[in-house]
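Following are the structures in question.
Two complexes are shown next, each including chain A; its partner changes from chain B in the first to chain C in the second.
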Partner chain A sequence: MVSALKLRSKVVVLGDSGVGKSAVTQMFHSNGQKFPKNYLMTIGVDFCMKPVPVQVADESRATVELFVFDTAGQDLFAEMAPHYWEGSASLILVYDITRAESFHNLAEWLERISRVVPVESMVSGCVVANKADLRERAEISREAGEAFAQRYGFAFFEASALEHSGIDAPFAHVAAATHARYTDSLAKLTAAVS
Partner chain B sequence: MSDNLASAENGGQALIATSWDQAHPPEHAIDGDDATFWVTTGMFPQELVVTLPASSAVARVMLRSVGIRRISIHACPTEQPGAYDTVLPETEIADGAGSRQSEVFTVKMEAVRHVKLVIHAGWDHFVAVNDIRLDGRKLD
Partner chain C sequence: MATEIHVIVERLNDAPFNLKLTLASFDEKSPFELLEIVNLIMGTLSDAHRIDLRDETPERTINRMMDFLRQLNFKPATGADALQFQTALLQGDPRAIHPMLAWMLVRMPELKKRAYLARFLTPVEMPEHMFADEEVAELAGHLRELQEQFKAAHKAVEKAGSAIISPLEIKKAIVQMEEDREQLLAKIEALDNRLRSIDSFTDMLDAISTLRQEQDEGGRLVQRVAEQRAQLAHAAQSAKALQAAVRDANAQDLRGGGEALLRAIMGEVEAQRALFERELPANIDDARQRLAELEGALADGPVGEEALREARANLAGLQAKARQLELAQAAMGGDGGPGPGGASSADDGLAMFRQQAALISRKHEAVRMRLDASAAERDSLERELMAKMAALEEIAPQARSAALSTKNDDFKKYAANLRGKTAQYKKCKAALAELRAEYGLLHRTEQLLHVQARAVGAKLSAVESAHGIVGYTDVQAGLEKASEAKAAADESKGQTLEEIAVVVEEINAQIRAQKGKLAPQIKELRALRAQYQELEAEYIDKKSSYENTAVGLDAELSKLQEEVGAYEEDIAKEESRYHYLNSLSQILDVSASRARSEAAGSTRIGDAYAARMRAQEEQTKDLRAQQRLVKENHDRNAGQIHLYKDLHRLLKCKVDCQRRELEARDNHALLGAVSGANVFTMPDAANRYVDIDGVEHS
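Presenting the complex of A and B:
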């Protein structure tokens, strides 16, 4: 029997306060069971781990354990946050489609994390347009969100934590990218010594 | 006369590690073959413990690897692995641009049963330990 390969990766969730970072993270972690209806500001960081299976070409199996660091968006924690970003391999940027400002601030979040971890060294990045259930109040079009993601080579996802839609896709993307990077690294590590 | 005490031939074992890919198991770090390696499978720190067959004195640790950025080495004297003493504090090693790193650390381990390598950071997300040699002699 072939035993499953288990990879691990640290993922940080970033974005303005109130955009739904914790809601997205908790709905992912609880398989849609725990939507935080009342806003509870994240103090510094919330942390969770979830194994995500990835599709592998051969019959072997692989799982990526995602260690998700849902960091606070409140300015109050601006000094603490970089500490929690260290060692992250992937990032998920979240904005609220009904608050244009939260979208325009994404570039600022990217700049802040770049001071801790160079974004080009990361395995993957995602942009999540959250609160898609409030589409009639949207201030930012899907196209604008996609264009931003594309500029940085990130994947774009529309999601609603409230409706538990589009929540698993960004995490599945991170897991698949992690596995792809591992396969790539193994080839390089093998080449380095042969 | 000193020997490579880590080698499987001399009774060395690598049973405890924080990463396990069956194609690149921890044994590959002590099989004396540079072409095989133990690979880390994500996130740091990562640890690998080399267990010696008998209490030994070790003077040098030779490491061949790819992609390690910061490493420390620790020694435990008891047969059951317990408390470790730091014999090499966290040290940065050069990148080598993805090619092989070859390091020799002079250490002082007077009566050691387990040697633990801690990889605190990598130059890449996944790194390889190709070969660990522990230069020393068994105590009588």
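Presenting the complex of A and C:
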């Protein structure tokens, strides 16, 4: 009897205040049921867990349980946030395409988390360009976002929490990357043992 | 009821149905199957009912069956009227169908005849008023007539059918005869065998054969006696007839006409005799003389030209003589010489001589022609001979003598050979003639025999047809042929059977030998079997115990696996929960450490937040003030914007005008240079532009 493979991964969501981190996270967690219509500042951190099934080549099933830490973007909580980042395996950077500042600050966020967990040691990372529904007011082009993501070896996604489009893609990417890393290391281990 | 079903099943199992039913299977038939059986029987009774029941509606079927049953004069069981019976039939009720089946099956041949007759003799139902039509009435009458005719014809056919001996009986008779023949043959053989054992058999046989011959001879003699008797009777009859004729003649004689006739005949005979005695010998003598002369002439050898001329002269002389004689005769005739009979005879002789002379002259001519031809031929041959001689002399004068001698020998030999060949040829020819004669004879015989055979065949067929057994001989011949073939087949079969018997014996012997060989092994095998059974019992015991254990273990295993699965799931859940809680605890830890740090004296978030709120409120205140200012100045500023916009438009318009003017001037200068005539000059406008410009700038 083969029990379904279950992996776990800690994911942190970073980005400026008001870019829609909490909206993205909640939409992901609730399968598009809960869009926070009013802005509610995240105090410290919001936490949720969701199992994500992974498409595997063979017949065996695999799920990756994502423990999502939606940390506050307000510089008010800048002191506390690093504590929540400890032990994270994956990283999701969110910016608002209508606010160029939020995009430019991504580098700073990266630097900050690198002090806690080196980005190179992370399993995976992605950049999410949120508020894609406001494309006509966009200040940051998709190409710029893609270029940034590529520079750090991250995946790039466009998403709209309001329209619930492209929300699951970054999380699915993280889950798939986690699974790939697991199977890789397993293969390496078995090779080393034998 | 039971006997009825018995009868039905029995009849259905016989020809022509051969349904192979049992009582039980017949009893289990469904209503539809029963109707199918009824239909089958009706189909054998009449071709009109050979229909598949599935091809027509049940109502139609029942109507058809009811009509047919009415034709057959079938009456349903007492106490049931036709309508009830019809419904029962429609439902396939066995209580209605079984009696009907029994009734039909028992009377099969009778019903078949009835069905056949019914087809033709059932009166056509027609409404009364239809008879008013003349044509219909006529047709009905015609139909009745035809039916009467049919009845008569049918009766005749039946009578004929009962009168004719069936071929089967004939065959039987033939077989009987064959058997008799075989028995007789056997008897003869037995007798023969018995007689052969007697010593004086051959003598007896001879005696018997002579006896037979004598008996045959006696029979023949009797026959001949009868024939001769018949001939005698015939002769007597003819004698009677002749006597009657004689009597008739006598009667005529008595009448007196016969004497004159006899006299006339006598006279005639006399005249003939005179002619025979006097004239004919003279004629013959003359002819002989003439013949001698001619022979002499011919014997003199080839008639030369001279001889011919001589003969001709002779002829001319003779002719002259003849003419003289004629003249003399005429003179004598004129003198009234001898009687007319004598003169006529002389005349006759002369005519004959003339004829002969003509004949001879013709012969002469032919001979001369032949002579000419011969002379010509001789000449040519002589010439050829000369040529050949010359050639011969030229070729070999020295070898001539030797060649001549050999040639002579060769020639002799050749002549002898030729003689022999001729004799042989003659012999062969005689033999051939003989054979030809024989062939002709045989051919004739064959023809005769053919004719006889045809006559016999015709007679035989006539006899056959007279006895109503046409083709009997053919049948017999066929039977004989068939029996011969059968005998041959039987023989071959017998041979094969013997071969098979031999083979079987061989096989039996082999089997016996093998059995002998196998006996000790079988003994051993028995012992081993007992052992095997013991072992098997043990094995089965062990196996059952093993299986029991295995089943128990399997059950346990699956249970445990289930448990393991459940536990694993629990573990996964617990792990998830642990991680969840761990995360929460981490969060709480952070909060706690934060709280502790705040308690230790660092800035509290609340304070920081409040400070920020305150700053924001101040900012809000500033902004409100700014808003108010904007609102107050809004109308004025809006008006000013409007004015500025107007001004801007005006200026733009001016700029445009000036540009156009400038362009026009450039064009004009261009035109003036080209044509030398100032057509579109607007100096005022140019001045005004300057003016306006000046005003604007001021």
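By our rule, the second predicted complex is superposed on the first by the 192 of 194 C-alpha atoms of A that agree within 3 Å, B and C clash if a C-alpha of one lies under 4 Å from a C-alpha of the other, contacts with A are read in each partner's own complex, and residues count from 1 in each chain.
Everything that follows uses one rule, which is that a contact is a pair of C-beta atoms (placed from the backbone, for glycine too) under 8 Å apart; a residue touches a chain by one contact, two chains touch by 3 or more.
Keep in mind it's a predicted model, so treat the numbers as computed, not measured.
Legend: residue contacts after superposition of the two complexes on their common chain; A:M80 is shown touching chain C, with no touch to chain B. In the superposed pair of complexes, A:F69 makes contact with chain C only, with no contact to chain B. By the touch criterion stated above, A:K6 is placed in contact with chain B and with chain C alike. Looking at the shared chain after the overlay, A:V45 reaches chain C, while chain B stays out of its contact range.
Touching of chain A by both chain B and chain C, each in its own complex, is seen for residues 3, 6, 8, 10, 65, 67, 87. By the touch rule above, chain B contacts chain A in their complex via residues 20-22, 24, 34-35, 37, 39, 41-44, 66-67, 98-100, 121, 124-128, 130.
The touching residues of chain A, counted against chain B in their complex, run 2-3, 5-10, 64-65, 67, 87, 89, 123, 178, 181-182, 185-186, 188-189, 192-194. Chain C makes touch with chain A in their complex at residues 561, 564-565, 568-569, 572, 575-576, 579-580, 583-584, 586-587, 589-591, 593-594, 605, 608-609, 612. Within the complex formed with chain C, the chain A residues making contact are 1, 3, 6, 8, 10, 44-45, 47, 49, 51, 65, 67, 69, 76-77, 79-80, 83-84, 86-87.
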